[in-house]
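Since the structure comes first, as structure tokens, the remarks are kept for the end.
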Amino acid sequence: MNWLIGVFIFWVVAYFLNVSLANSKWHKTRLVRLAVPTVFGITILVVWEGLVRGLQVPSVILPPPSMIGARIAVSLPTLWADLIQTFVKGALTGYIMGCGSAVLTAILIDRSPFLQRGLLPVGNFIAALPIIGTAPILVMWFGFDWHSKAAVVVVMVFFPMLVNTVQGLAATDSMQRDLMRTYAGGYWNTLFKLRLPAAMPAIFNGLKIATTLALIGAIVAEFFGSPTLGMGFRISVEVGRLGLDMVWAEIAVAALAGSAFYGVIALIEKGVTFWHPSQRG
Amino acid sequence: MPILTVVAAIMVIWYASSVGMNKKWTYDQAGRAGVEVSFTEMVADTWAQERPVLPAPHQVVAELYHSVFEKKISSKRSLVFHGWITLSATMLGFVFGTGLGILLAVGIVHNRAMDMGVMPWAIASQTVPILAIAPMIVVVMSTIGATDFLGKETATAMFGYQPAFMKGILPKAVIAAYLSFFPVVVGMVKGLRSPDQMQLDLLKTYNAGKQRTFWSLRLPSSTPYLFTSLKVGMAAALVGAIVSELSAVPLRGLGARMLTGSYYGQTIQIWSALFAAATLAATLVASISWIERRSLKKMGMSS
Amino acid sequence: MGFRYVSQEVVIQAKNLDLTFPTNDGDVHALKDVNLDIHKGDFVSFIGPSGCGKTTFLRTIAALETPTAGTVTVNGMTADEARKNRAYGYVFQAAGLYPWRTIRGNIKLPLEIMGYSKAEQEEHVTKVLDLVDLRGFGQKFPWQLSGGMQQRASIARALAFDADILLMDEPFGALDEIVRDHLNEQLLQLWDRTNKTIAFVTHSIPEAVYLSTKIVVMSPRPGRITDVIESTLPRERPLDIRDSQEFQDIAHRVREGLRAGHAYD
């Protein structure tokens, strides 16, 4: 009971803290912008911990955050090995191969309006499909190890990336292309000096979408078969054993890896497309 | 026309690769039997194997036809049955997920504390592989016994039997809802904020209140964003339902078909389940697009 | 400034030029039987209401449009050969600077494409930045400058390589009048210093009269030349020359020419 009362008080205090912070005259400062979501996040964790303890929820249903934290602390080597297997070998390899080939394909089909009119609708169509369903097929073809996970990631990121790049390459206006013609610029000059730089915001948009897809693809593909290693493997095994603290630990690592991956791409984007209106403000 | 050419090209590549990928098995079999196979025999065989590495398109179509039209729809081998299971979970989750998403978006737009506290998390959550928690949700919900839409007794009392789709639908719907939730929140917040300052100022000169502004400006201007996020949400909900079927009990639905297919090496079954899922996704997204076109036209937002 | 020699050498010549665009509502006759000689060192303005083909004519000179009939010669070559020889610099209605390049980088762009050496690039860029009064702004990005400065940078870009023809398509159309006056004055000084041949599209009568040695009045449906006026104004033109009677007379003649072409239908 004490836990529940404590949780309630904490929640009320945090709520008023956030409301007053948000409505204070400092609400545009960096510190407050960071503080408000942090307070919100901490409140969630505290309420979670308190409710689980207060209501004595069994840990096979919902382990408290402290237990998950403890599990992370003692399982670092396992978590690290799983991260390497799934994220670095599976997701990252597939991400680089998939995005790279999509950009190259986009540049190739960009030269042919016919291919564009044919491939783009097909690409758009495929991008909306549950491509994750190809995972069992690819696991059969490429085996249980990370190669099949990378293949799933390639298939998953390829079409969103292709569509974004093609749109980006089309983003120049006719005046800018005319300017290149007055210089007798030719195809390659126009591509490298005008169209690729102009396409960068769209390309990075695709790259950011693909980060999430890559991690999802690599994890879910492991549900269809994997060596005794990897985040997806660990999750499905521990779920079977009701070791939910370990499952949550893997999810925390996955969330962290996912956000970090996204963050890195967003940072590179900031450096490359500093000139774009969306980055200037 | 270009689309047809591309599709035709894909078909040709597909047939060619199924020859390339399946011929090893054909030659192995022939070698074991001690017979020579000519090229045409080899090609014919690669397109007709029972468990090919890559089934030829017509095999998949035949299997689709077989399991859609020639089975009773209540049969466990009917794709209509499995598709319906997946569809019902997707729809249930989608409705709840988007509904809650829209509500939260309205809250975020009208409450600065909520905006500053929740919005960063909603955006960050899009970078997190949420799908990874699917197996856990399924197991936890079975542990506490919350899996059926209506309990067996309630359903029997109401309908005289428990409809198949109600069984085990809840965990799947929860995951589907969860996945469709965040894209809708982010899209709707963008949409509700899309009116520019001039339009907002105009309503201010009319002395319109927050509510008036919401109903006559914010909500209508958010419609295009709403439909865009509904499409994303629908696709995400379907993926969520399929992935959660990998660990759900009883093993039913399109995701389960893929999983059992991969257990037993039934490649044709996987491909037909994949195509069924693709058709389902395309149909769902297309119907949202259709509603989108109609309503935007009615609202005068598109020609 | 003083005396300056205008040669009789023809650098741009249009003969019996015809151009039609096919559209869904039938063919649009953008240019009909256009004949014009532009001499070296001329400052020629094309003026007329929208749809009179003045921009199309300029684009045809630049080989951005292909005429249906007739010929354009630039420096004795066909327009397309002249384009490939980089015979002219072109200034568009908007500055069209690349936001990912600094001002220096933007001005360098044509030089890179045309294969100038690094040292030459730097030298040319520094020179033209001075010409348009943008010294000290080279390291800025275009979006950090005002509209007028951006347009000056785009003029610098067109001047950077050694083309002696400058084609300008309503370059100051989007700017406010005060900035525009200032840039007009600067443009005249620049023309005087560089001895370039300039073809300039505008829809402002005062701008055309103030700048030009020759004013070409055009009218629409079909696009054609209705009058060519040789300016009698002295080469040295302070801004207040616009209050003089001579200026008013020329402006009046331009206005009459526009009216005669039923330009206000």
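Read from first to last, the chains carry the letters A, B and C; within each, the first residue is number 1.
Here is the rule we go by: contacts are C-beta pairs under 8 Å (C-beta built on N, C-alpha and C of every residue); 3 or more make two chains touch, one makes a residue touch a chain.
Treat the numbers as computed from the prediction; the structure is a model and nothing was measured.
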Farthest chain relative to chain C (centres taken as mean CA coordinates) | B
Closest chain to global C-alpha mean, per-chain Cα centroids = A
Geometric centre distance via CA averages, chain C-chain B, whole Å = 57
So what's the Cα centroid distance for chain A and chain C, whole Å?
-> 50
Between chain B and chain A, distance of the C-alpha-averaged centres to the nearest whole Å = 19
Interface residues, chain C side, partner chain A - complex = 59, 62-64, 83-86, 88-90, 92-94, 96, 98-100, 109-110, 112-114, 141, 143
Using the touch definition up top, name the residues of chain A that touch chain B in the complex.
-> 15, 18-19, 21-23, 27, 32-33, 36-37, 39-41, 60-62, 114-119, 121-122, 125, 128-130, 132-137, 139-141, 211-212, 215-216, 219-220, 223-225, 231-232, 235-236, 239-240, 242, 244, 247-248, 250-251, 254-255, 258-259, 261-263
Which residues, counting only chain A, touch chain C once they are in their complex?
-> 175-176, 178-185, 189, 193-194, 197-198, 200, 273-277, 280
Contact set on chain B toward chain A in their complex = 2-7, 10, 21, 53-54, 112-113, 115-121, 124, 126-129, 131-133, 135-136, 138-140, 143-144, 231, 235, 238-239, 242-243, 246-247, 254-255, 258-259, 261-262, 265, 267, 270-271, 273-274, 277-278, 281-282, 285
